[in-house]
Amino acid sequence: MRNISLKQILSGVIAFVLVMIFPLVIKNTFAQHVMILFFMFGMMGVAWNIMGGYAGMFSFGQVAFFGIGAYTSSFLLITYHVNPWIGLVVGGLVAALVGAAIGYPCSNLRGHYFAIASIAFGEIVRTHFNNWKLIGAAEGLSLPMLSEGFKNFMFHSSKLPYYYIMFAFLLISLLVCYLISTSKMGYYFRAIKESHDVAKVLGINVVWYRLVAIMISAFLTAMAGTFYAQYVLYIDPESVMLLPISVQVVLISMLGGAGSVMGPVIGAVILIPISEFTRVWLGHKGTGVDMLIYGFLITLISVYQPKGVWGLFMNLGKRTK
Amino acid sequence: MSEQLLQQLVNGLLIGFMYALIAIGLTLIWGVMNIVNFAHGDFLMLGMFTSFWLYTLYGLDPILSIPFCTALLFVIGVLIYRFVVSKVMSGPMLAQLVVTFGVSIFISNLAVYLWTPDFRLISKPLLSGTWVIGEVQLSIPKTVASIGSVIVSLFVFLFLKKAKTGKAILATEMDREAALLMGVNTERINSFSFGMGAALVGIAGAFLSTYYYIYPQVGGTFGLIAFCVVALGGFGSIEGAFIAGILVGLAQTLGGFFFDPAYKYAIVFMIYLITVWIRPQGLLGW
Amino acid sequence: MGRKEDKMGTKKLWVAVFAFLLVLFLSVSVYAQTKVIKIGAVYPLTGNIASTGLDCKRGAELAVDIINGKYDLNLPLAKVEGLPNLGGAKIELVFADTKGEPKNGMSETERLISEEKVVAIIGAYQSSVTKTASQATERLKVPYVCSDSSSPTLTERGFQYFFRVSPHDGIFARDQFQFLKDLEKKTGQKVSTIALLYENTEFGSNVGKEATRYAKEFGYKIVADVSYAANATDVTSEVGALIKAKPDVLMHASYITDAILFTKTFKEMNFAPKGIMTFAGYIEPAYLPAVKSDGNHIIIRSTFALDLAKGKPLVGQVNELFKKKYGLDMSENAARSFAAPFVLADAINRAKSTKSDDIVKALLTTDIPGDQMIYPWKGIKFDPKTHQNIYAQGTLVQVQDEKYVTVWPFEAAAKAVIWPFPGWKGRK
């Protein structure tokens, strides 16, 4: 993506300005909430993309990192009164370490095997957290209602600070992804995705770079987890460690276009509002119609536009096998 | 203590046979088309509901509903292949992974829409009750399901080895291009295999409905375990799936009993991870 | 040339459709703004626990019907239409689906308050969802009356705007041990060892914690503490662990699916302690139809049973209305959710206002006498600090002949309890 056209820069600036003034104009808190979710899932999608779309490791276990981030910062806050911002960084580091620890033995796994291993990983972590009395086990952790403020990473009277913080996080992750994609590391990732053997021949340390991809991905996902905890003020394994969250992250990236920086963002912009609004409009009847539509759309997109919406934009053409 | 051990062993086998039956269909699809069918658990659910409705509306015992489940699920499988899966066969792997997720969400919520999320149970199946052999209690429905599983697996195994279509399937599994060159209509084989995979898990559903509760999301846990079983056994290998199913059943029950029932699924996943680290292609995979 | 015309034609059609929909939408929302007081109700209406959520919805809706209409029943505001102190204003329940997820509990509550302009919230059945939903109401300073979540922690947070009408699991756990002591006093049958079995989310593990606490207080020994995942495919290892421990009594906290699975597995493996005492799942409407006679002699904590009608005809009358409206008998879940709208309507009526702080002030002076409610309580009155209903208590029901029969407290019992558990043999 070296040559960014003027058109793209312009549309980027316009989008940025629109996002920034959105909550000042639209006071509807539900709409703000949907945007916050969009940022959060967008960030997780970008994080996933780094290890999945670029390095070829299709992880269905991202929720484990999300949960580790949320739990680490919350636990430190509740038990040791550690400032959540510090907890954020610690959570990211813990997630990165855990990711590396699991990623290392899985270095030879590819494709479906890796995917299932990541599911297994996610479930093992969830089961463990469900039974770990130290961090509340199934009861979860309730964050204390501290006085509002940036320092406490907690706001009660308005969603706006949450909105801008999450947006900033998303921008950070996009920046990281962009830097990676245009750097040598990005090149290595792509080579690894194509073929381990070819990469090795090219002198790339496959194992090491896979771990790097996992660690970056884990750190960013954990940041989103800490944000969630500070936003909802209550976490339990059922809400921050469930498999469907991992699946949603993959779907977002795939829909938008895996392997491209902006792909997951586009995917999130489409899928998150759909899932939220269909639930609001149709969910209360209890008939599952909202999920029906959701499932149908995912199937449709996989079939007709598997390169994602971004693929449409970039006009990459269809890959013929 | 030892009677408990024997009891748990027996129970582990009984549930293992069920896992094996569920996994066989999945491994077939996986082996032939390299598609992980995330909707597999939902096919199981459809099989269970088919038995339930035949029982409730026509009084047909679940065991007798097996031919219907087989036929219905076969057709559903073929249709889904034709209209959905075949279109992503030439697309990126991610699309293949995700499309069956979409189908899964669609089917399970269609079930919610049509039949409500309530739990159903077949209250008086023909074969129910418990055999008591010494100190061990054998649930009759589970035992019948296990015997059924063995029979069906044997049938599939022989079918693949002896029947013309079966051999074509095996050939496609091993080397798609070569099979194509040898005149095998791989598209037809794909279609047939998908249908067969669905039919097999439909049979499992009929058996399962004799002792487990039925509801739209029932495919969830069973499906997840089935993936571990298949990957453990080695994708594409029927014998592998069968053995792995039993191993997983035993691991779950014995692990839960000796260690902590809360961790029993974690133990299954751990075993999967460890096996795959040591031997990435699974026990009997190639 | 033809195509351009077509395009224009289609465009016009779309504009027309859009305009029509806009008018429809506006007219509907305008219509909805006539004299109503909106109360938000958050429940899991889709997802795994949807059948329970829909059950709760039925209870709440019936309550609102009675409040809004004129009924000759001894329930608050039943005999008049609507809220008399506010010119007969009617209550409108606005439902939102949480899908059973805490984050949706929060976002739906916020949405109901800021978009739908509800003046109060009820719900959410699952304690983990009630937690986040009530955090939202506390932040936004809106009253929340909960009558269907049982986690003790909900009233231990020092919240100003959250009130709970129904008993919590601490009370229920204490009841079960009190029953054992009463049983010993009455029949001389002694029990010494308890096994705890519970599903491993917030609900079950809290029950486990409370039961452990009360066991110690009452002097019983816990010989097994087994937790499990609610949607397990098979529970033979769990039951094996219970058999190994040889307890006198089993206490089991479950949802509906695991209640069914465990009942079948208990029978299969012939696990028959002197008593099987349970929470929640066994009293769901789907349980007895599923297990039929296998449910017999199991004891469940409850706040409601149809046989209370013997001592309190009001229960029978309400059940008749419920049956007329929905075609089923009232279940315990529906009965619990039935309470909150009354408590709120009564408070709003006395406050003569829909402002949050006025409602909260009124709630703090709520004093609804027991005979005006369908539960076996002395009444509804909130503790000034915790906002827990001080009169809330449970009863124990036992399944006899596939029906729920109140067996404790002994003074309120409709029939005598069958103890010890007669075993599994000979059931059809």
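Letters are used for the chains, namely A, B and C, taken in the order the chains are written, and counting of residues starts over at 1 for each.
As a working rule, contacts are C-beta pairs under 8 Å (C-beta built on N, C-alpha and C of every residue); 3 or more make two chains touch, one makes a residue touch a chain.
Just so we're clear, the structure is a prediction, and the values are computed from it rather than from any experiment.
Enquirer: By the touch rule set out at the top, what is the minimum number of steps from chain B to chain C?
Expert: The fewest touching-chain steps linking chain B to chain C number 1.
Enquirer: Which chain pair has the highest count of C-beta pairs that touch?
Expert: A-B
Enquirer: Any idea how many Å lie between the Cα centroids of chain A and chain C?
Expert: Averaging C-alpha atoms per chain gives centres 35 Å apart.
Enquirer: Quick one: chain A and chain B, Cα centre-to-centre, how many Å?
Expert: Whole-Å distance between the two chain centres: 31.
Enquirer: Tell me, which residues of chain C touch at least two other chains?
Expert: Counting only residues that touch two or more other chains, chain C contributes 46, 50, 200, 227, 229.
Enquirer: Could you list which residues of chain B touch at least two other chains?
Expert: Those would be 112, 117, 262, 265.
Enquirer: Pull out every residue in chain A that's touching 2 or more other chains.
Expert: As it turns out, chain A has residues touching two or more other chains at 127, 130-131, 286-288, 291.
Enquirer: Within the complex, which stretch of chain C touches chain A?
Expert: It is residues 45-46, 50, 53-54, 57, 95-97, 99, 101-104, 106-108, 110-111, 114-115, 128, 131-132, 135, 138-139, 153, 157, 200-202, 204-206, 227, 229 of chain C that touch chain A.
Enquirer: Please give the residue numbers of chain A that touch chain C in the complex, ascending.
Expert: 28-30, 33, 127, 130-131, 137-140, 142, 145, 156-157, 228, 232-239, 276, 279-280, 283-288, 290-291
Enquirer: Spell out the part of chain A that touches chain B in their complex, as residue ranges.
Expert: Residues of chain A touching chain B: 52-53, 58, 105-106, 108-109, 111-113, 115-117, 119-121, 123-124, 127-128, 130-131, 243, 247, 250-251, 254, 258, 286-289, 291-292, 294-304, 306-307, 319-321.
Enquirer: Enumerate the contact residues on chain C facing chain B in the complex.
Expert: 46-48, 50-51, 200, 226-229, 231-238, 240-241, 243-244, 256-257, 260-261, 264, 267-270, 286, 289-292
Enquirer: Quick check: in the complex, which residue numbers of chain B touch chain C?
Expert: 1, 4, 7-8, 11-12, 15, 112, 116-121, 123, 130, 137, 139, 211-213, 215, 217, 220-222, 225, 252-257, 261-262, 264-265
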